[in-house]
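Both complexes shown next keep chain A, but they swap its partner, so chain B is in the first and chain C is in the second.
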Partner chain A sequence: MNLAQYIVEATQEVFTTMLMEEVSAGAPLETRNERFSDSISSIVGMAGANKGAVAVHSPVNVACRITELFLGMEVESLDDDVKDAMGELANMITGNVKGKLEEQGQDIRLSIPTTVDGDNYTVECPGKHEGTIVPFSFQDCRFLVEIHFE
Partner chain B sequence: MFNSSIIAPAVREIFEFMIGMDLTVHADSSPLPGYHLNSVSAVIGFSGATRGMVAIHCPEQVALAISSALLDTNETEVTADVRDAMGEVANMVAGGIKAAATEQGAELELSIPTTVCGERYSVGGFPSAKKTAVEFSIKEGNFFVEIRYVG
Partner chain C sequence: MSKILIIDDSSTMRKIVGRALRQAGFEFEKTLEAADGQQALDVLRETPVDIILSDINMPNMNGVEFLQAKNDDPALQSIPVVMISTETGSDILNQALELGAKGSIKKPFTPDLIKEVLGKIL
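Let's look at the complex of A and B:
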């Protein structure tokens, strides 16, 4: 199972079809920086016979740009609209990954998104499972999408 | 569905029988803080009869005490071991709540846990979700168990 490929395809499909924006994927990160500053992370759990989680990590200014793509209006600072938009982005990416995994015979159901924001925080998925984190960029914006799956 | 009468007994049972800690349930919980300061949170998603998440939010000194009890060590800093232990505690608490939900005819499946820690962070999302938070005390301080769910 190539989790990085699922993440790349899902993220690009969501951005192209839902946000009308092309995103470029970089190579999966070899070392994961677990600490985030002035950022927002949205996490969707995958439950069922096979368990996992997908997380989108974005600096606040990039999250504002992504929210502008969603809403079609200017967004200047982190507010509830930005948190909702990043939760919805994680939900859509995870839903796309779910479809791909179900084609491989996996049984998956999604939790609601959880959104974390802060000045300086860590997010980790502890435990023994396969995981990868992929950087994406559009215009001058960069963000990360991560998956862990048993 | 997930009111304090489901959460409190499930959390108490996990703490007393699996972690080996006595705790006090606050009948009148304080409001869940908007931002958690110098804290560790562990979140686990669920799906099935309803979709949602269970989170445990602990100030660092509470997370250190719980982790020390679970690991039978003396944890003094929030290390990867402590964050892993808090993920396991979330797993156990969510498992207890899942069992209580099953008794009421609601089958749930759990995701893997995610841990968050930092000097100042918020944990939220899905504003239309129903929310319940229960506050507990151990001698090192207070902590919250929160459930958000839809449907």
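Let's look at the complex of A and C:
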């Protein structure tokens, strides 16, 4: 099971299909980012035989740009539209990954997306976990997509 | 062409679906929206529509629970529903199809896919 590859394929499909934008994936990070500043994180939980989550971590200005691409309108600051768009981005990426994991025989159910944002916050990953975090870029924008299992 | 109801807890997705419908060449007299199944039932009892596009994973009343409730209402049970969701090949989508959903569209989707699926119904 190549979790990084699943994340790359899912993220690129969502961007190409729904945002008409190509995203480039970098090498998975060797250490997990836990602390974020001036950012927004959208998280979708996974339940079933294996429990975990997929999270999209993005600086606020990048989240605004992603929302502009989704909605085709100018977005100046973090608002409910941005939070909703980032939640839906995480939802579609997670749904795509879920399909790949189910092909491997895993039974997974998804939660409704949740978002957190702030100037300085931590997204913790309790307990021992298997996972990866992949950096992506488009235009001059960078964001992270993470998957982990307990 | 008539009226459509888009059910999704994401306002972003409701806007994207509306835009994709126009790009696919569908022009509706009225496009109604609801954020969950219960809100959709309330909308439908005020304004009947010709077709419904519904998400599956939603708070309050999800897409499967909405189908069950719609099927129990004689005034609503004949309205065709297409599921539009990240869920594909899953038990919950199969439940929706067993409850009478006329098709499914996987997110992410293209206007061409919407045209293909809705074209068989409208």
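What we mean here is this: the second predicted complex is superposed on the first by the 149 of 150 C-alpha atoms of A that agree within 3 Å, B and C clash if a C-alpha of one lies under 4 Å from a C-alpha of the other, contacts with A are read in each partner's own complex, and residues count from 1 in each chain.
Here is the rule we go by: a residue touches a chain if its C-beta (ideal position, glycine included) is under 8 Å from a C-beta of that chain, and two chains touch if they have at least 3 such contacts.
On a predicted model such as this, the values are computed, not experimentally measured, just so you know.
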First (chain B), second (chain C), both or neither: which does A:42 touch? first
Which partner does A:84 reach: the first (chain B), the second (chain C), both, or neither? both
Considering only touches as defined above, state whether A:58 meets chain B (first), chain C (second), both or neither. neither
If you stack the two complexes on chain A, which partner ends up touching A:72: first (chain B), second (chain C), both, or neither? second
Which of the two partners, first being chain B and second being chain C, lies in contact with A:123: first, second, both, or neither? first
By residue count, is chain A touched more by chain B or by chain C? B
Between chain B (first) and chain C (second), which does A:112 come into contact with in this model arrangement: first, second, both, or neither? both
After superposition on the shared chain, which partner residues are touched by A:92: those of chain B (first), chain C (second), both, or neither? second
Taking the superposition as given, does A:18 touch the first partner, chain B, the second, chain C, both, or neither? second
So the chain A residues that chain B and chain C both touch are 80, 84, 87, 110, 112
Note: in the complex, chain A contacts chain C through residues 13-14, 17-18, 67, 70-72, 80-81, 84-85, 87-88, 91-92, 94-96, 98-99, 102, 110, 112
Chain A partner contacts - residues on chain B that touch it in the complex: 35, 41, 43-48, 51-53, 55, 80, 83-84, 87-88, 108-127, 129, 148-150
Across the complex, what residues on chain C touch chain A? 9-13, 15-16, 19, 57-59, 85-90, 106-110
Listed in rising order, chain A residues that touch chain B in their complex are 41-48, 51-53, 55, 80, 83-84, 87, 109-127, 129, 148, 150
